[in-house]
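A, B, C and D label the chains in the order they appear, each numbered from 1.
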Amino acid sequence: TEDDAAFQERIDDDQFIEPKDYMPEAYRKTLIRQIAQHAHSEIVGMLPEGNWVTRAPSLRRKLILIAKIQDEAGHGLYLYSAAETLGVARDDLVQELHEGKAKYSTIFNYPSLNWADIGAIGWLVDGAAITNQIPLCRTSYGPYARAMVRVCKEESFHQRQGYELMMAMAKGSEAQKEMAQDALNRWWWPSLMMFGPPDAESTHTAQSMAWKIKRFTNDELRQRFIDATIPQAEALGLTVPDPDLKWNEERGHYDYGEIDWDEFWAVVRGEGICARDRIRDRVNAYEDGAWVREAAEAYAAKQNQKAAVA
Amino acid sequence: MTQKANDTKAALLEYVLGVADDSLILGQRVSEWLGHAPAMELDIACSNLALDLIGQAQLYYEYAAKLQGEGKSADDLAFLRDGHHFRNHLLVEQPNGDFGQTIVRHYLFMMFHLKRSELLVGSDDKELAAIAAKTVRELEYHLRFSADWFRRLALGTDEGNRRIQDGLENLWSFTFEMFKDVPAETPLYEAGTVPRPSGIEAGWNAAVADLLQEADISPSARKAAPTKGRIAGHHTEHLGHLLAEMQFLQRAYPGLSW
Amino acid sequence: TEDDAAFQERIDDDQFIEPKDYMPEAYRKTLIRQIAQHAHSEIVGMLPEGNWVTRAPSLRRKLILIAKIQDEAGHGLYLYSAAETLGVARDDLVQELHEGKAKYSTIFNYPSLNWADIGAIGWLVDGAAITNQIPLCRTSYGPYARAMVRVCKEESFHQRQGYELMMAMAKGSEAQKEMAQDALNRWWWPSLMMFGPPDAESTHTAQSMAWKIKRFTNDELRQRFIDATIPQAEALGLTVPDPDLKWNEERGHYDYGEIDWDEFWAVVRGEGICARDRIRDRVNAYEDGAWVREAAEAYAAKQNQKAAVA
Amino acid sequence: MTQKANDTKAALLEYVLGVADDSLILGQRVSEWLGHAPAMELDIACSNLALDLIGQAQLYYEYAAKLQGEGKSADDLAFLRDGHHFRNHLLVEQPNGDFGQTIVRHYLFMMFHLKRSELLVGSDDKELAAIAAKTVRELEYHLRFSADWFRRLALGTDEGNRRIQDGLENLWSFTFEMFKDVPAETPLYEAGTVPRPSGIEAGWNAAVADLLQEADISPSARKAAPTKGRIAGHHTEHLGHLLAEMQFLQRAYPGLSW
């Protein structure tokens, strides 16, 4: 249609699309799916970290961890708000998450098993997220792009804190170093999987690039992340669990080993080791809290009524 | 130093530890909600409460470590004392229960803790006064937040009212301890270093009675349970489980930096 | 009545009363109340000990503690059975416990706070219970007397194990000794209260003595317990928290300080520090387990029906 | 000793620790029911299960300590290793859930563990064989008890059936790990010291399928979760919390006799 052509022209011209602007239905649906998935990831992502709040080994680390989780709840809220500008309700999106119909980042279905995992999550998981998200600060949908600016800023901060925690562990006692290495071993490959399937198998990439929702392919971003992260691992004195990893002078990039895509797809299908626990925890929180939300709504309604009468 | 001065110093150390322990244990309890709160907005609110309380605990522990003069850190005091050495009020170690009980606990304790902290601002111990002064603004928010939610839940629905009432019944017997003067602290009261707990009781009772009435909640008839309480290191069974979890890493890997 | 006279004659002749024998209604009621209270105490008494099962500091201690709690569940079952011979149903008795209408030993509303408490409970609480119960092995109601024989035997074993645990703590490190002393400080007075109010205030004693349900008064049994226990405390090197305690050569007994009867009556009224937790734990266990009991009953009924048809 | 003999001995130590850890962790879980079981008779039954398992753990730990030859005690191995050194199957560390899930977990594990133990009775390691022989009678009871209750709950009421089905869904993905051969254990399989886990799979599958059919429970479609599992020390998040509690005293007061 003519509208579609004008829309694409604005995109090509690097203009932001705003909620009231015309947009093709497929663009809207793609954005809702992606933003909701992103919001769900922030909320589910609170759980593996929350698992260590009550066991953080110092007051300072406990404060840092709580503040990080708080930021994630905040990111979830911005992102649900951004999705709502596209005409969906947060409650409906949450419902889809609870029913297992919506996806969230596969990484959060892996367990956090030792204290260094909190460092590894900040360093690698937030690191991968930022690599994905920095280009999203210029994504074509305005509210999403603006949410991303704030999210990226806070996540860079988390990433540095995570790295600092890893450093304390990696330079600590033998036991701490063992925990740090163990954490790297477990989080490395799932972090690489966060960029999604290889370009050849990625169903959404081409259209999303044309719409400038995405600006780089999965493999490009993955490579960027690896290139940035290897020197950091070396500075920690830890070994990245990939025997095929080596600098390729010619490409100017690190070569890396084969990712276990079977594992990736298994986790996408909901077979991750924590998948049932994660959804159950969220559903329990929601259901146990129903009376609180109902009471708060009823109270607000009564107050409004009073105000109207007065 | 004379014996009396020594005793007074020891009493002050125990007092400061008590305030620190109150803050840490309540902060730890509130932090258990993260990821599990009734609404995402409440995950954020609970984070705020926990951050304030644990941050305040850190300040009080640092001062306690200084008073103690044994070269210990705030973390040593938080993570390397067992239950019978904790001096927190039994109220703050009670389990979260449902969100209503969490709110009742927070309100009942904050109405005391804010008043105590306001009085500490006038302490003749300038360092203690300065710490208390840093916390008052935050604690005002805690009191407002918990009173607001108390009303909201109790006046919103019948279920909300029932649950707030139930939380009050579960916790009421632990409120009496807050107003017990501690004999060893007498010189501190007399010098104006710390406020007399009993002096806070009347104001607390009046304020709480007002909120109960406003929120259509019946006063609890429950009495103080017979226990020597925090000063003797006599807690409830809940504290030990909380500490086993909180202190695990420091206990399992002693003497490390984290 | 003539029956009543014959009944009292049998009692005076030290004969056992059996379920099918004539008994005055008041005798039956007194026994039901006492046996039920005793059964409830065994069941609620599992909780303060259960509180340490998951934290027992060695495999051996964990085994001993589990076996002890198992015995208590067994005692509860015998005692409910003995009560049932008097024409009440266990479910009704349990219902009264859950509704706060039935009493159980006040001691179990005190918390178990450190590992030495497990020793103190075995040594003092079981010790006091045995002192109470040995005469009950000759109580006038046959089923109760026979249950008591078995209960006393097992409790003597628990008492020795508890004392042995206290010994290990009292002769251990400074920290262990401190825990042992702390446990003694907290459990001493409540243990003395287990014998019930002083004779002058005991409403049931005279009639119970006439019926030979009781054979010694509360104060007699309390004195017996104190006399037996003080030398044990001395052997541990621990201090009994009673400044008035001293040997009275003339009486041939220990004198002891004033018991805080206000505290006793407060706990009897349900104001004990753990009272709400204890009843809530039992009610939750019962309610959460309702579906299990229902399924088991339904299954048994189906099996019976099958057997009948076949 | 040659490198190969050393490796074999190390693999045997890990194997024995694995059996010990399985027994201890499952025993610890079952013991959580004491005082909270659905009926007093089940408090007693759960005590029996816990006593058997923890007693068996002790025998296996003692043998592991002997193999290790570092003068450690069974308690050292139970209370002073952290989660990433535990070798128990992920199935046994899963939370009790409701009583139905506890029964499903016990049945699924016992059908494996009894078969494994029966095979261990024929081990060429006489000490290991003797320990296994002591346990078989007890484990037969565990299997019978859990299969009986599985039937009773699943065939008793609709709710019972639904809960058993739900327990199966929660746990099924953790069953695959039990049948994974461990490369380092190959010499032990070949020597007839320990049974090949994969050799147990077919019998287990057939027996479990029979019970599911008999109990009117649908097979679970859930797959193995991607994890390197117990051999790499990769557990679920539940183990750490269990250990924090279980090990608290030994960690907080190291080196003492209890």
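In the analysis below, a contact is a pair of C-beta atoms (placed from the backbone, for glycine too) under 8 Å apart; a residue touches a chain by one contact, two chains touch by 3 or more.
Being a predicted model, the structure only gives us computed values, none of them experimental.
A.B. asks: Centre to centre, using CA atoms, which chain is the farthest one from chain C?
C.D. replies: Using the mean of the C-alpha atoms as each chain's centre, the farthest one from chain C is A.
A.B. asks: Could you please state the distance in Å, as a whole number, between where the Cα atoms of chain A are centred and where those of chain C are centred?
C.D. replies: Result: the chain centres lie 57 Å from each other.
A.B. asks: Please tell me the distance, in whole Å, between the geometric centres of chain A and chain D computed from their C-alpha atoms.
C.D. replies: 36
A.B. asks: Touching at least two other chains at once: which residues of chain B meet that condition?
C.D. replies: In chain B, the residues touching two or more other chains are 82, 240, 244-245, 248.
A.B. asks: Going by the touch rule set out above, which residues of chain A reach two or more other chains?
C.D. replies: In chain A, the residues touching two or more other chains are 55, 175.
A.B. asks: Testing understanding: with touching defined as stated, what is the shape of the graph linking the protein chains, line, ring, star, complete or other?
C.D. replies: Shape of the chain contacts: other, as it matches none of the listed patterns.
A.B. asks: Under the definition above, what is the set of chain D residues touching chain A in their complex?
C.D. replies: Per the stated touch rule, the residues are 82-84, 90, 169-170, 173, 222-227, 233-237, 240, 244.
A.B. asks: Taking the touch rule as given, give the residues of chain C at its contact with chain B in the complex, in rising order.
C.D. replies: 48, 51, 55, 111-114, 175, 178-179, 182, 186, 260, 263, 266-267, 271-277
A.B. asks: Considering only the defined contacts, which chain D positions touch chain B in the complex?
C.D. replies: It comes out as residues 82, 240-241, 243-245, 247-248, 251-252, 254.
A.B. asks: Can you list the residues on chain B that touch chain A in the complex?
C.D. replies: Chain B residues touching chain A: 24, 28, 31-32, 34-44, 47-48, 50-51, 54-55, 57-58, 61, 74-75, 78-79, 98-100, 151-153, 155-157, 159-160, 163, 242, 245-246, 248-250, 253, 256-258.
A.B. asks: Under the touch definition given earlier, write down the residues of chain A that touch chain B in their complex.
C.D. replies: Counting only chain A, the residues touching chain B are 43, 46-47, 49-50, 53-63, 66-67, 69-70, 73-74, 76-77, 115, 168-169, 172-173, 175-176, 281, 284-286, 288-300, 302.
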